[in-house]
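A, B and C are the chain letters, set down in written order, and residue numbers restart from 1 in every chain.
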């Protein structure tokens, strides 16, 4: 299957290794990959701050860049939710564009759901001896309904002991512009999330959403915690640690 | 109630510093969410019940003219009087006029958000009428002169010691301490009021058009008292609360208590129709229903926002909202708080006075998961953000600079070459500000992010690594950006 | 002022919805027909469980002898010296008034409508019948009339509700046909219908559960054989 790599802007600029891991995982799963270099961003920041005019421009560009692929895969729930749920809404009044948006929406996937549901692959031969806790990003678990897939993939990682945290369904407090507009509330939320995570005694924090990882991971690092935040793509390429 | 939504950030910060409030908000949130989940899990088909809830609300709203006229007809047939009020002011005047002409000196009230919305208490008090909030939590905060901090537990921010002091001070009773004792004191004090009040005032959980009946749910019995003892009863209700039939009423009875507190049924579910029947020994001699618009028809006119009117006021979205659990109800600055409050408030009051509220959310979606009538709250929050930012009819007063910055950022995102150039420039420039792989200083507004978190330095971007990676994986040739 | 407001609001609603067609069908009820009363001899465990969880007390008794003993123990337990009763055929048939007289429990005089509420507030115990008992929740359904004042199940600190074994329904959905049968027979619903699910309660003070906020602190639901009270025609 010809897959278009959709690399979120945060991954592009701050965590390119997650993009690399994503590509490696998909290649291992048998996909033929390409990375369209004209991609920039899904436009969710514009959309979620109410700037829909701008969001439409960004979306049009995105659709143009990706619509020729058989499938589009990204290591991010929020970006995929933007394309799947909100692109068709954005072009509600433009039938032609909406049609293009809907076609693209139908073939845009988050990484773990693509592996498990589309490719039927759960075991990527990964090995990592560690006690890990998985954080359900709201955008992955609620917006896209992806809860089981990451856990199934992690269950096949040799040596990985997966534990669950208390109140795992509660938001970590990032919410994009929310954390900038209401930093104190965001901090209180991430502090609570961090305490639940640390209470598990895990050495590794895994998530399928890079922005949550930056939020929680950044906070934990500032507090001097030794727990290592990693994206699930990075876990799936481990070959023995 | 006075509008203080623009104080959201300040009040939120204050709430975050209040340890007792934090503890209680957490406890109440977890307790009610757990209870709600258990109650729904015990149902044969929980999803189908929520679908029924949504369907009955869609039907009611879509047929509102017919239902309102039918409701009015049935209430009159049962001996009640129906009043219509376009605005808060009209509604206040109607109730005050009833009180004046009937020589009312004391009013007992059940907990009612709509009466807060129209600031009824102050208007009655200005006429020299004694108004007693009778729900225990409301009674407590009325004595304290504070607004409610939670829709179900208005006094959760107070400790029993604080309440004991309050009662001792305001009621002249010896300082008790156990909740049982404090409740007994309130029971005795309010019973005297119930038995002697001239008028009872309530809201309504629903009104059934088919029969002209009003539904009121409670656990304490204060609402039953208010609708049974005084000779006059006034019920104030938003026009969106009318439902079609008794079948729909059963759905509400199945949904509301489970969603609010995880109960199968509230301790008392009262369905009354008109005043007392001739010859009855108790029940009001007169019943007045006040139907309130106050901006609801404007919400109705926008198909995208119409579902804001489905709300049952159950409070379940508050109970699960991670933001509400941190800031509590006072922060929202008006009657309605939590996710539905953030959606409704800028639609009921001048938007500019509540412009921050829809942005005070991470859009996590926990609310939509529990709403008994399946209101798509995250979608409404997004719509409100759009209206406030882009819709000239909405006059949101959202600050210009962030909007321009967002637009400029959006523009760059449609130009790949320029985007990559800008990113490269930022990365090179940022080298001076980063150390050991993280930023030492970040420009505002991003700087606030960096205050409490380590932010990783910018890296050589993925796009520049792809060529090499592709060769490694597939032995092919990568493309260069064209845009 | 009001007629203008009415027109303004109704036209605003019509305009907002794009002048929808009037569909009278939606006012027609769906649940009509027979009420599904549960078999009196079916197990009562779940009713017991529900009421217990609500801190209410459930008594399934077989005859009037047991009723007298039960009422006696309730009078004893709460130190009841005065009682308020419905003027109801079931309670008459069960000779509740006579029992109270024998035990020296003063029956509150409800003959003077002016003084009713003050007198009713003096009672230590209220005794009513009920229209139905909902198994799923343990709720009893009472309605109001001249002979069945609301205060009896509200003012006294102890409420005793007497139902027959044959008055059980399964869930809230089963109440709708009962409502409809009242509508059909009487042309309207009673002025008040109450679902009473356990005693009065509040958790407004530090989330601590306290019983008896404004309504009764204790609720006793008594179920006995149909023949003893023949509440239905």
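In the analysis below, a contact is a pair of C-beta atoms (placed from the backbone, for glycine too) under 8 Å apart; a residue touches a chain by one contact, two chains touch by 3 or more.
Being a predicted model, the structure only gives us computed values, none of them experimental.
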Ranked by contact pairs, first place goes to B-C
Per CA centroids, the chain at the heart of the structure shown is B
Per the C-alpha centroid definition, the whole-Å distance linking chain A and chain C comes out as 55
Note: chain C sits from chain B at a C-alpha centroid distance in Å of 32
Chain B contacts chain C in the complex at 24, 27-28, 31, 59, 62-70, 77-78, 83-86, 90, 93-94, 134-137, 140, 153-156, 158-160, 163, 179-180, 182-184, 186-187, 190-191, 194-195, 209-213, 219-222, 224-225, 227-229, 239, 244-247, 249-250, 253-254, 263-277, 279-283, 291, 293, 297-298, 300-301
Per the touch rule, the chain C residues reaching chain B in their complex are 1-2, 5-6, 8-10, 12-17, 20, 22-24, 26-31, 50, 54, 110, 113, 116-118, 120-121, 134, 136-137, 139, 144-146, 149-151, 154, 172-173, 175-176, 179-180, 183, 188-208, 210, 212-216
The residues of chain A that touch chain B in their complex are 7, 11-17, 19-20, 23-24, 27, 32-33, 35-41, 43, 45-55, 57-58, 60-61, 86, 138, 142-143, 167, 169-171, 173-190, 214-215, 217-219, 221-222
Chain B contacts chain A in the complex at 9, 12-13, 16, 30, 322-323, 326-327, 356, 359-366, 368-369, 382, 384-390, 398, 402-403, 406-407, 409-416, 419, 423, 427, 438, 445-446, 448-449, 451-463, 465-466, 469-470, 473-474, 478-483
